[in-house]
Amino acid sequence: MIRVTVWNEYLHEKNEPAVAAVYPRGIHNAIADFLNEDANIKAGTATLEEPEHGLTQEVLDNTDVLIWWGHMGHARVSDEIVERVYQRVLNGMGLICLHSAHFSKIFKRITGTRCSLRWRDIHENERIWTIDPTHPIAQGVPPYFELEQEEMYGERFDIPTPDELIFLGWFRGGELFRSGITYRRGFGKIFYFQPGHEMYGNFYNENVQKIIRNAVYWAKSTFTCEPYFNGDAVPPPNAFVNEIDLEPHKEYGKR
Amino acid sequence: MIRVTVWNEYLHEKNEPAVAAVYPRGIHNAIADFLNEDANIKAGTATLEEPEHGLTQEVLDNTDVLIWWGHMGHARVSDEIVERVYQRVLNGMGLICLHSAHFSKIFKRITGTRCSLRWRDIHENERIWTIDPTHPIAQGVPPYFELEQEEMYGERFDIPTPDELIFLGWFRGGELFRSGITYRRGFGKIFYFQPGHEMYGNFYNENVQKIIRNAVYWAKSTFTCEPYFNGDAVPPPNAFVNEIDLEPHKEYGKR
Amino acid sequence: MIRVTVWNEYLHEKNEPAVAAVYPRGIHNAIADFLNEDANIKAGTATLEEPEHGLTQEVLDNTDVLIWWGHMGHARVSDEIVERVYQRVLNGMGLICLHSAHFSKIFKRITGTRCSLRWRDIHENERIWTIDPTHPIAQGVPPYFELEQEEMYGERFDIPTPDELIFLGWFRGGELFRSGITYRRGFGKIFYFQPGHEMYGNFYNENVQKIIRNAVYWAKSTFTCEPYFNGDAVPPPNAFVNEIDLEPHKEYGKR
Amino acid sequence: MIRVTVWNEYLHEKNEPAVAAVYPRGIHNAIADFLNEDANIKAGTATLEEPEHGLTQEVLDNTDVLIWWGHMGHARVSDEIVERVYQRVLNGMGLICLHSAHFSKIFKRITGTRCSLRWRDIHENERIWTIDPTHPIAQGVPPYFELEQEEMYGERFDIPTPDELIFLGWFRGGELFRSGITYRRGFGKIFYFQPGHEMYGNFYNENVQKIIRNAVYWAKSTFTCEPYFNGDAVPPPNAFVNEIDLEPHKEYGKR
């Protein structure tokens, strides 16, 4: 069972009828709903205006993969909660940042860059191309698929070179974008995926859902942390080199 | 069920009693045996002196992951069989190259380099360090583990920059090595792992076994090839841009 | 002084008046001409139908960077010459493959993949985006530039993950492409650049010229090979560990 | 002319006679001195206890490459100055972090990770291996070189996968380390290099000096920023697709 928490700032849907018409119960529930159709996933939700943004330490400790959607409310996310999320990622929680979460505090913290890009919102169509079809996140995804309308996000996307480039997005107006990319930080795996403007309903798209579902499986940590965190002080010089005795050890440790 | 074929040149064991004492039924059977303890894996074997080196088209078509061990017999492997294996890798078969398979025809074909390295065989001890503990191949592997004796393989290993660097090996005599690395070629995933000299019995080591088993799971293809191979001619310009009509199409295709 | 050899199959220009009208003295001379405007570069040419394709050992030994343009004549390039070029690349000669050289024997040898792609030739326009503006090859290149007409090359380009992704190409008809990428093999640096169809005169484009010129500077080897090739037998265990004496050294070496 | 500023916390040298004996004028001057022997480099210094740590906006604006050495004083570096340095890196200043600067605020900000590692200080010897001899930073550096004494830094080094792995360090006691690595952030290039403990005088080592000097050349920005920063608002849909007119443009921009 993979425990997912879908976080959404949940502001557009409450304040803009046009958005509410697309996602009546909010983007977070739209995502949690299709994830919960998978018997191996149990997805809950959390939003900005809940106490602690819904991200208490207990919630995070019981989350394998956190999904993040934010836009107009980035600045309202408290630095303390961002730090808490960041530490959980370093300790192995997966993180999936969607669409305008490219500009969230947590994504900037993880990338160490500005994460700036070009954008244009004219109901433009996008074609997403699969660049790495062998990647687990691309499992079952066709060589390309279309989104009839999406906000254009264009290069240069100011990010570190991704660990993996899985999808590239083509926009009709002349731009393109590294639309599906991965990073590792600490023991955590991170996936950024570009589609998901609040107006266009692309979280109902079959391929978008497939990709997010695949990313949940991929981002769930597979390693056993304990030896890395406990009882793993640096050893004295190895047993085979015990003749090293130049001077009494001054000090050794792990930080 | 993952269908594995373990290929071994099977020469040392037949001609050198000291090696036969370590691997009485050959390296291939030692590997197949521990893999077959996993209920999800069905491992068979193939060797150099069988007809077609045991690698008929039918065998390869029914192999999800091929494991390769070779050393003194590299030059005896026929170019035709190497081409057959290569094409299967491009079409999605996983490949795991062990130890002196760094110098095999198939590994050189895949890397496009000389794959040269330093070596020294003095019963030296090795410590293998886990560099990427989040990688599925490192699942359950400790921060480091020891091999009491192994042949030293040292840098500079003349290979392309690996897609992923999972393990580094430290040798007592002063050398180190990129001991666990991955590549993708076509639709196939490749893992190279350095331990496994014919004299030292390290295929009985618990961590070596764990790593090879993890690599089998990782290398098995997860994608659906069909749309990439059939009915996937390049489209005419996309439906949203059908106003393109500068000139009659001269030609288009896919190669 | 950087010594460049521009190799061109030189077939289209000799047989198709429409191509000859674009490149009257051949693509090779068009490229050599603009390179020779740089006082630090001395560019010569070589073509398919010359003896040894113009690529004698002496020519290659006196070439710092080889530029390759081929298309309809790939199969006519002799395997022996390809091997000779390949060995020079491994020993430090830079290599720049242009446009349909994606399918040349030398590029496939270096990548270890099929190098297949989608293509369409309808006088389509392309926009090239600079993804890594800090790369020396992108020096002075704007965030994007236009080519009014170019042959469409589209993903999935079946190549290994590039060491560096510098440019992405957007095509009006709905496709995109990793248009400027690098690899290292042995001691050689390789750059692939997608523009340059024989019909469209893009080797006269100011930005295309700037990129190829930058790539010449970048691909020229900066390292001193000698210690890697001569007198660099693997050492006995290091001086600080000379107490290693478990057994007489059986053997050591370098391959 | 490359303008370098060498920053050093300059605490050990002022408070510990044993360190002062090694670096009488401080580590910063030891580094600036050998850099200033190069006619193309002009190196100044700055230290923690100067006003603004010696890193005024004017100093940074006139610095092409900043070198950073810190250890016991990491926490005393003001967040405001770190932010100032960080912004300059994003805008194109090179950054070279040495030894215990792995734990500096600026390096953690750039990597987005904990940057933890193992360490042991027993006058242990280190062998540094050149993994990427084609890299400009490795120009003239032998296949390996020895440091008679250095503080051991061992894996797992908790960092993002480097853009380039140039050097690996072997330590006698059984550890190894990714000793020379690069990153890009924004328009800035970053090099981390592991040697340089305050006690061991390795900044006088010929190869260490060569590597730092090479890194200065490499880290100096080569690109022309202006088109990226000024007059580079996202364009309206491109001229070739001006028939796009589905709806009036709602908005477009660049962030």
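The first chain written gets the first letter, and so on, giving A, B, C and D; residue counts start at 1 in each chain.
Criterion: contacts are C-beta pairs under 8 Å (C-beta built on N, C-alpha and C of every residue); 3 or more make two chains touch, one makes a residue touch a chain.
Keep in mind that what you see is a predicted model, and the values were worked out from it rather than measured.
Novice: According to the touch definition, list the chains common to the neighbour sets of chain A and chain C.
Specialist: B, D
Novice: With contacts defined as at the top, give the pair, A-D or A-B, that has more of them.
Specialist: A-D
Novice: Distance from the CA centroid of chain A to that of chain B, rounded to the nearest Å?
Specialist: So the centre of chain A lies 31 Å away from the centre of chain B.
Novice: Roughly how far is chain A from chain D, going centre to centre by Cα mean, in whole Å?
Specialist: 28
Novice: Chain B: which residues touch two or more other chains?
Specialist: 127, 132-133, 143, 154, 156, 161, 172, 174-175, 184, 228, 238, 240-241
Novice: Would you mind writing out the residues of chain A in touch with chain D in their complex?
Specialist: 90, 103, 109-114, 116-124, 152, 154, 156, 158, 160-161, 163, 172-175, 183-186, 228, 234-238, 240-241, 244, 246-247, 249-255
Novice: Provide the residue numbers of chain A that touch chain C in the complex, in ascending order.
Specialist: Touching chain C from chain A are residues 127, 129-133, 143, 154-156, 161, 164-165, 168, 170, 174-176, 178, 241, 243.
Novice: Under the touch definition given earlier, write down the residues of chain B that touch chain A in their complex.
Specialist: Residues in contact with chain A: 92, 125, 127, 132-134, 136, 138-140, 142-143, 146, 172, 184, 187-189, 221-224, 227-228, 232, 238-241.
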